[in-house]
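In the two assemblies presented below, subunit A is common to both, partnered first by subunit B and then by subunit C.
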Partner chain A sequence: MNPVLRVMARRCVMAVPLLFVVSALTFLLVSLTPGNAAQEILGTSATPAEYAAFNRALGLNLPLYEQYWDWLRHALTGNLGQSIFTGQPVVQAIGQRLPVTLSLLVGALAVSAVIGVGLGVFSALRGGAGGRAADVLALIGFSLPAFWVGAELIVIFAVWLNWFPATGYVSVSDSPAGWLRSLILPVAALALYGIASLAKQTREAMLDVLASEHIRMARVNGISPVSIVFRHALRNASIRVVTVLGLLAVGLLGGTVLVENVFALPGLGSLMVTAATQHDLPVVAGMVVYFTVIVVAINLLVDVAYVWLNPRVRVR
Partner chain B sequence: MFGSKCLARKGLRTGAAVLLALAAGTLAGCGNSGTGTASNSGAKPVLTMGLTNYTTTLNPAIAGGGDQMMPIDLAYTSLIHLEPDGNFGPGLATSWHYIGKTNTEFTLTLRRGARFSDGTPVTASAVKAWLDYSYFTVKGNITAALKLKSIDTTGQWTVNLHLSAPNSAVPYLLTEPNMFGFIGSPKAIAHASTLGASTDGAGLYIAVPSQSIAGSVYVFKPNPFYYDQSAVHFSKVVVKIITSPTTMIEAIKSGQINVAAGDISTAPTAQSAGLNVITAPSDFVQILILDRGPKTPDGTAANPLASAQVRQALNYAIDRKAVTQSILGKYGVPTMQLGSLDGFVPTMQNYYPYDPAKAKALLAAAGYPNGFTLNVTSESIFGTVADPVLEAIAQEYRAIGVTLKITSTSTLPQYIQEVLGGKYEAAGFIGTTSAPMSTWYSYFLAPKGLENQHGWDDPMLDSLYQKGEASLSPGQYWTAMAQRTVTQADEIPVFDYDAFWYTTKNIAGLAFSASCSTPYPSEWYAK
Partner chain C sequence: MSFLRRLLRRPLALACCAYLAIVTAVAIVAPIVMPSVNSQDAGDLFAANQLPSWSHLLGTDTLGRDVLSRLLVGDRVTLIGVVEALVVLLVLAVPLGLAAGYLGGWTDRVVTWLADLTFSLPAVVIIIVVLSVFPASMLAGMVTFGVIAAPGLMRIVRSATLPIREELYVKAAEASGLSRTYILTRHILPRIAGVVIVQASLLAAVALGVQTGLAFLKLLVAAPAPSWGGMVADGTSVLLLHPWLIVPPGAAIAITMLALSLLGDTVRDATVENWSAPVATRAATKARAKAEAQARAETAPPAEGRLLDVRQLSISFLGRERDVRVVEDVTFDVAAGEIVGIVGESGCGKSVTTAAIVGLLPGSGRIDGGSIWFGGKDLSRASEADLRALRGRKIGFVSQEPMVSLDPVYRVGAQIAEALRQHRGLSRPAARARTLELLRDMHFTDPGAVAVRYPHEISGGMAQRVAIARALAGEPELLIADEPTTALDVTVQAEILELLRELRTTRQMAVLIVTHDWGVVADLCDRVVVMYAGQIVERSDTQSVFDTPLHPYTEALLASNPHLAPEAATLPVIPGTVPPPGSWPAGCRFSARCRYAVPACSAHAVPIDAPYQAHETRCIRVDQLIKP
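Right after this comes the complex of A and B.
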């Protein structure tokens, strides 16, 4: 069997029990947090009988395992239920917001990869003042929180310069240029940590590889510097960089919650916070499924990248 | 090092080209980054507003009050309109009155010519169908307060409400802040589950679900069936939920939105940015006493709060002026009474001047010379006016030997659960100044009030309430109730505080007051 297909199949099989465990845990944790949807909707003015009637109508009075089983039965057919508050199908609610979060995530990863790897390579090759400057830039990226950077970017680029919108998201189908403009500031805020992280890891990996035996051999054999850097050194260093990129992608997924809040973006993060606060269990459970699938997909991509980059993995 | 300078230069050139390409594509619209384009240049402008609180649903039968009313006000018209100054005006009903003298029969005459956004006329049978759904099927917030028994109609334009007990507040309960007066189309009841994100009211606008994202962005377009098209001032209204106050202020400063919900942390910035800053008292903060019964909630000891002297001591021990000044500056006013639409008595506002010595003496007289511990839960999600207020009071109570043990909560449902759970003597509470006295009585002071959980009863208050509810001129009873609650120290009010709204210079019509604390977007227009 093709090694890439084998890796993909293994990951997909492993994802099934993971989804069960994560969704069951979600039900358990939401039930353990104080308050419930009835209290959020009916407020303080309803009587205990009205709370009970509300819970009965939505099946929230059933034992937790029954609620979970009911949810699971429908989830297996692709129906993740409806939001208790808006009545909107969960799949639709998530579908409306997924492009926002994915745009942010992919954008931030792409920017982090291009600039972070570029800085790391530059720093490893140049050393001296240029290298130290790259190191300092990376350090700054580590130390500045994304929500603060986001707020400052809004002040400078939205309020003072009026270049980009302070808030909101424009769908790519409505206006590709508007979409790009609405994403530049949040992506920049989100990517800063990734740039720093990748720059540091790339630099260290490159320095290790450049000092290795086979690179010295390549140099002695007269292979061109460009080929040595990009075909040999960077490719070898990429295994570590890809690992970091995978971890970074998962971390950035969490970071989108804060950035979406700062830029008032209608993404999955804000939906998750709202749903969790409201005890909107169908939405929370649906979101967890989606987040798990995204994390599994990221890991899958990392594994595939390993196979592609490392012949030894391919042979195994 | 491997020709790195050359590589770096090449890389820089490529990077610069990419950046230029991006800039060309994205900066093309610079100088007009905002969507808040409310300028009146012929065609109707677009209004973009920012709200802080997430809107849980657009269905008025389910939605909560406060800011959540604002998007709903765009799409639904209320039966009776609560004017920003607190007076009642016509809505879908042009006239209304009680039948007889017992305040148990109420009738409304509807406006002719009003239609829902699906084109259906707003008739008496349509209103009855919606009220039946809203009151008897959904049983939302209003259920306990309205005491509705049944609804019938007379002819095409008259709706009659039959109540199970006298209720003098029916006109108020049918206004916008209570949501129950917002009427949806009977056609919509059949697909009520979709009303969270779509609308079918008789208001100025219709929600556009395909352009909205529930809980984040709501887009509205004009309702072609609205009965007064001259009142439709905008070609489109966009409601954005912006939970970060910093982002909110930057969004309106950049011109991206025209109207923003503000708060005390951003008011100075808004003022210095040249925005219209509109403020008015809208809410009050108090320590809500949950247990005035003979025993503490756990039933193990005598309850200090059963004594009026103790409650008076707790009122005397607070330097309200200092607490208000330190937390709100000029945006708060110390108060000694429940904020209410109809029970405010100006002469009672200094009934408990700050006097720790008198407080100590009262505690000693009540048998608590060394004080006691008071357990309170806090409505922490309200930030500045929640935990910090209780902490400031805790500091002052130390001087009289009372330990205020504060339990913070992280969400509104958690707070509600704590308040209704019966294990606290008191709770931090934030209420609107525009609710009637009868509402506060029902919740806090009635023998079976939800927040009066341990069998306390004041027959004098009960009597005043009964008389007020049955009276066609109940004002005297509400002020008497207010006086009674102050003299008996039934609660520990602290201050009234302002709500903040910001608008750009080209927006007008935003108004609210202590009697009507949420502004109506349906009344705004571009200058």
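Right after this comes the complex of A and C.
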């Protein structure tokens, strides 16, 4: 079997029990919650009969495993239920917000990859001051929390300089330019960590490869420096960089929750926080499924890229 | 403990430790000294939103509360969160990682599988779900983070344990019947402590980020109690009016995270304490080599017919206190189409000499004497650009480890084609065609099938032939082969030697071959240079060296050669070892191991001399030892 297909198959097979376990755990956890949706919606003044009617209407009176089985059955047909609070189908609620989070995530990843890898390569080649500069930059990037950087960016670029809107999101279909403007600051806030971590990892990977015997032999046999750096060293280092990029993507996905909060972006993160505090079980479960699928997809892409970049893992 | 001393000698590490000690002290003391801050809903509302002043060093917030006291009191909850996560992390990851690395087998598989699984979890989302169940429970949130982050650390502990398991003293402890628990805690744990400390420090920084992030989302700490993340959130809600409010808590978070990650980095540096030359040294070495090259007197170009002419070459490396000379006063030449061998034990300076010819001495190495004439240029003082123009085009190079001398991610044909396109300016199709021809010249019966393979898909002997093909792509006049057959088995060796001999005839190419195998010399070489401890001790045509070795070292080396020794006889070995660079004796460097040595041998440095025409040796007793 084609190695790429095999890797994809393996990830997908692993994803099934993962989704099952994660959603079941979510059900279990949320049901343990001291508060419940009926109290949140009807308030504390409702009579027990009213609570019972409410729970019956939404199926919340059923045993947990039946609720879960019900949910699972529908989930397999692509129906993740409805929000207890708004009555909006979960798939629709998430679908509205997914583009915001994905724009933010992909944007931050792209910026981190371009700048981070570029800086890493540069510092690996320049050594000395350049190398130290990359190390210092990496440390700073690690140490500044994204939510705080976001807030400071708003102060500087939105309030003082008035270059970008402070908060809010413009859909790309409404105005591509507005969409870009609304994303620049959040992407920058999120990407700082990515740039730092990729610069550092790329630098280390490049230094390792540049010290290897095959690079020495290419050099001894007169292969040009440009070819050595980009065709040979960077290509070999990219195997490790891609792995880092995958971990980074998962990390930044968590970061979007914070950054969306700072910039008041209507993404998955803010939905997640609201739903979790309101015990909106269908929404929480749906969100967990979506986030898990995104992470599985990221890992899948990394695996495929890894096989594609590294002929040694392809089986003859 | 020397490691700790080494660490504390670094001012940066000391500063980080001092800062973190202060943060910890504040976390303990501040809530005791200012007990009211945690429950203070509002301060002096008439003094709200003030910028720093003498009465409020960091100003006041929107409710008129003193920012500094909130910052100091909020330190405790922030730090407790980090400690909670760290404890869970270490308690889970270290034992499991140790077990996986040390026991292997199914323990290892289960642990690795679990780690894989958690890498597929969206950590922050899981923590938020947990926090919806346990509202404002920092313990629940940070424990969840610890559990999710543990597999990452577990992997690191596992891979740090793996090599230690294989070490002799652990094997010895096992053999002597010590229990596994004892071995793990007494022998292995101390060895991986450095790694764990580094990771703990870095993970503490991550935990701080998570704690403050969740507090920022108001999920961890119930108002009005202050926390650093919560203070940033308060400030963010009035960002447009009072941008100052986010600065103190943000700075506190950033500086603490900086201290933690810096500490991790410095601990790591202190644990590895590497010996490799830092890049700065390499630049300095280059500058010094250039200055010295200019200071050296220029030598006259060599006589016609000498392709390569190395004269009085000396090479030094930067030692810890002083320069260490590794090659001294080496003189030899190679004529066009000639095969010359450099023979000697490991550590005699053979490989370094060949690296110097192509201007690629490793690390802090530099030429500090003599000249290398090739193609009308003295390479010891040539610019990098000149040397680059030479490599591959005039001088080809083949190394002793064919399997790692090719780039693992490209097909072997592409690597030969790349050299062809660079050196000969061929188009892609032409380079492809020429690649196949070259491979055919290397005795591959099906060049097309070989060209599309990756280096890991071919054998050592095949890889060496591919490497030779690449070295020949620029049609060089000289091929330097650094122990080209050492890593190969005997039948393959013969193939490679046959190939080299044939190349000399068909291409009129000179070969400089480094070897410690007399069989190779006898098979291939026209002339031989014998090196010992950085010097040439004997130099002549192959026949004379085999017939009448003049230097006792050559004689001993020949006697210890398995190809020449009589069948079934015990192979004589030369007692002792080559003295390492930096501890060469003043007199004859071989005298300590020489069976003919007399006191006079160690008295003075021995010059090289040619008692019999072109047969040179570096031995003061040659007249007494050799009866012509």
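Everything below uses one rule, namely that the second predicted complex is superposed on the first by the 315 of 316 C-alpha atoms of A that agree within 3 Å, B and C clash if a C-alpha of one lies under 4 Å from a C-alpha of the other, contacts with A are read in each partner's own complex, and residues count from 1 in each chain.
In the analysis below, contacts are C-beta pairs under 8 Å (C-beta built on N, C-alpha and C of every residue); 3 or more make two chains touch, one makes a residue touch a chain.
Quick caveat, the model's predicted, so the values are computed rather than measured.
Trainee: Answer with clash or fit: subunit B and subunit C placed together on subunit A by superposition.
Mentor: clash
Trainee: Considering only touches as defined above, state whether A:A151 meets subunit B (first), subunit C (second), both or neither.
Mentor: A:A151 contacts both subunit B and subunit C.
Trainee: Would you check which partner chain A:Q96 touches, where first means subunit B only, second means subunit C only, and both and neither mean what they say?
Mentor: first
Trainee: Which of the two partners, first being subunit B and second being subunit C, lies in contact with A:H279: first, second, both, or neither?
Mentor: After superposition on chain A, A:H279 lies in contact with both partners, subunit B and subunit C.
Trainee: Applying the document's definition of touch, where does A:R216 land relative to subunit B and subunit C: first, second, both, or neither?
Mentor: second
Trainee: Check subunit A for residues that touch subunit B in one structure and subunit C in the other, and list them.
Mentor: 33-35, 127, 151, 154-155, 159, 166, 225, 261-262, 277, 279
Trainee: List the residues on subunit C that touch subunit A in their complex, please.
Mentor: By the definition above, subunit C touches subunit A via 116-117, 119-126, 128-133, 135, 205, 209, 212-213, 216-217, 219, 229, 232, 235-236, 239-240, 243, 246, 249-250, 253-255, 257-258, 261-262, 265, 279-280, 282-283, 358, 360, 388-393, 396-397, 399, 401, 404-410, 418-419, 422-423, 454, 456-457, 467, 470-471, 473-474.
Trainee: Can you list the residues on subunit B that touch subunit A in the complex?
Mentor: So the residues of subunit B in touch with subunit A come to 1-4, 7-8, 11, 15, 22, 25-35, 50, 54, 56-59, 62, 64, 139-141, 143-145, 192-197, 213-217, 240-244, 246-247, 250-251, 253-257, 409-420, 443, 450-451.
Trainee: Show which residues of subunit A lie in contact with subunit B when the two form their complex.
Mentor: Counting only subunit A, the residues touching subunit B are 33-37, 39-47, 50, 53-54, 82-83, 85-88, 93, 96-97, 118, 122, 125-127, 130, 151, 154-155, 158-159, 161-168, 176-178, 180-181, 184, 225-226, 228-229, 261-266, 270-271, 274, 277-279.
Trainee: Using the touch definition from the top, list the residues of subunit A that touch subunit C in their complex.
Mentor: 14-15, 18, 22, 26, 29-30, 32-35, 127-128, 131, 135, 139-140, 142-148, 151-152, 154-155, 159, 166, 212-225, 227, 231-232, 235-236, 239, 247, 250, 253-255, 257-258, 261-262, 272-273, 276-277, 279, 284, 287-288, 291-292, 294-296, 299, 309-312, 316
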